[in-house]
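Below are two complexes that have chain A in common, paired first with chain B and then with chain C.
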Partner chain A sequence: MIIISLLFFMTATAISMLWLRDLFAVVMLSGIYSLFAAVIYMVMDAVDVAFTEAAVGAGISTVLMLGTLALTKSKEKVHKKIAYGPLALVLITGGILVYGTLDMPHYGDANAPIHSHVASRYIEKSGLEVGVPNIVTSVLASYRGYDTLGETAVVFTAAIGVLVIIGRRKKKRKKTGAVNDGGDIA
Partner chain B sequence: MMFAAAALGVLVAMALAMFRAFAGPTVFDRILAVNTAGTLTVVLISVYGFLSERPEFLDIALLYALINFIGTVAVTKFVQFQGLGYPVGDHEDGDI
Partner chain C sequence: MMHQKSVLRVVSKLLIPPILLFALYVQFHGDFGPGGGFQAGVIFAAAFILYGLIFGIANARRTVPASATRTMLALGVLLYAGTGVWTMLLGGEFLDYNYLASTPIAGQHLGILLVELGVGITVAGAMMSIFYTFAAQTLDGDEDIEEEV
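Here is the complex of A and B:
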């Protein structure tokens, strides 16, 4: 009941974001969208994912998008023609994704592979094999160690990229132009 | 039963706030609608916690309230100053 009405709200938000031309309103609506998504994750018992969605989607993304709006225009260009190629691409991709969900086990299914495959081994033997009392820690740090290493490398690369882009100092001008060094904020 | 009725009421209020966010002619209508939707989300999470007999969800609702607050501060600052950073004049690192 709650999930259905939240999904309805999310659909309405997405359609309204498509119609609006005022980009400030679109940023606001995308914040609401992420908040609803976070509540759905939470109702489905994925509290950690919900945290991430709320902090990144509703919090930081909104702030970053507002920063972008401050540097660019806040009105969307109106395109009169309908672009059929991208529309077909979106529909096909969406259809493939929906088709992919048909094979997935139902929500809360006790016979799903994630419950029957390796979980019992983690629960029974991880204390002996890894030696860490917390099962989640041993799964993340040992059984899926390479996965975690890759994730860390990706996050590290992203942080370096951001630092390279925004952390660069302004080049000092030559002394003749130093008087005109006022702060020009966009 | 009582919590279910409360959740229903929160959902109805959320629909009204969403309508204001879609239709709202001015910027301030939208800001207020987004803030209201965030607050209603916090209430919905709390009510859902009691509805499913897991009152621990109250902590999560508190965190959502904090995130909502930061977002609203950023938005109002954007509207007031047309940007998120203050001009810092002759600082050599620019606006960061």
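Here is the complex of A and C:
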């Protein structure tokens, strides 16, 4: 019941984000959407995921979106023509995704593949092998240490990408007379 | 302009030290409770981003320079991969923490601590670098900012 009402609020937030033209309100609503998602993860006992969603989705990305908003206009341009091609593409993709969820195991199904593969081994043995009370941490940092190294490299690459694309050092106009596009990377 | 927002200034001054402390708690208590390097890094960066939003980007850059955030970015990945190389030098496989200490359990504890610290440092560095870069775009006309970007 809690999850259904939370999902209702999430849907309402998403639809109002679609209707609003004021981008500041849209950014705020996307933060609220992330908070609802975090609460749903919390209800599902995925505390670590909820933590990350609240910190990244509701916190940092809202700030970054506001920073982007300061660079652009805060009103969305209104397009009067309806683009039928993209609309059809979105509807078909969405339909396929919904069709795909029909095959997914029910929430809490004990026979679901994620519960029958290696999860039981982690639950039984991680206390003896790793000795860390939080199984999420022992899976993340020890059993799946390679994956987490890859994730850290992804975060590193993302930040480097941002620095390369918009973090260029601007040549001073007073000295050079013109902005050099090929300025060195800051 | 900034001097008039006294409520924001006072509240953020009260909040920033507990946020940093909470980030350290999440970082080093991740083995026992929810959390870990990623969440801690984000919370740690959030404290500095809050500082930058309230007291101005120039002050935030004076506290943690952009070069320091970029160093953190690389340092975390190096610490993570370096832990793996260290375990190889000690005779194990890459990221096999059992070889780090006298007993496998102690080795696992040390390994997880180092690796999570690496994740935390990289994530905090990444978030602060991205924030600084976005903020520098907004304040393009400011000469002081351009010097340090």
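Throughout what follows, the second predicted complex is superposed on the first by the 133 of 186 C-alpha atoms of A that agree within 3 Å, B and C clash if a C-alpha of one lies under 4 Å from a C-alpha of the other, contacts with A are read in each partner's own complex, and residues count from 1 in each chain.
Following the convention adopted for this analysis, a contact is a pair of C-beta atoms (placed from the backbone, for glycine too) under 8 Å apart; a residue touches a chain by one contact, two chains touch by 3 or more.
Model, not experiment: these values are computed from the prediction.
Of the two partner chains, neither chain B nor chain C is touched by A:Ala112.
In the superposition on chain A, A:Leu140 contacts chain C only, with no contact to chain B. Residues 47, 51, 55, 59, 63, 67, 70, 166-167, 169-170, 172, 186 of chain A lie at the contact with chain B in one complex and at the contact with chain C in the other. Note for the complex: chain A touches chain B at residues 2, 5, 9, 12-13, 16, 24-25, 28-29, 31-32, 35-36, 38-39, 42-43, 47, 50-51, 54-55, 58-59, 62-63, 66-67, 69-70, 166-167, 169-170, 172, 181-183, 185-186. Taken together, the chain A residues at the contact with chain C in this complex read 47-48, 51-52, 55-56, 59-60, 63-64, 67-68, 70-71, 129-134, 136-138, 140-142, 145-146, 148-149, 151-153, 155-156, 158-160, 162-163, 166-167, 169-170, 172, 186.
Only residues 26, 30-36, 38-39, 42-43, 45-46, 49, 53, 66, 70, 73-74, 76-77, 80-81, 84, 94-95, 97, 104-105, 108-109, 111-112, 115-116, 118-119, 122-123, 125-127, 129-131, 133-138, 140, 143, 146, 149 of chain C touch chain A when the two sit together in their complex.
Residues 7, 11, 14-15, 18, 21-22, 24, 27, 30-31, 33-34, 37-38, 41, 44-45, 48, 57, 60, 63-64, 67-68, 70-71, 74-75, 78, 82-85, 87-96 of chain B are the ones that touch chain A when the two sit in their complex.
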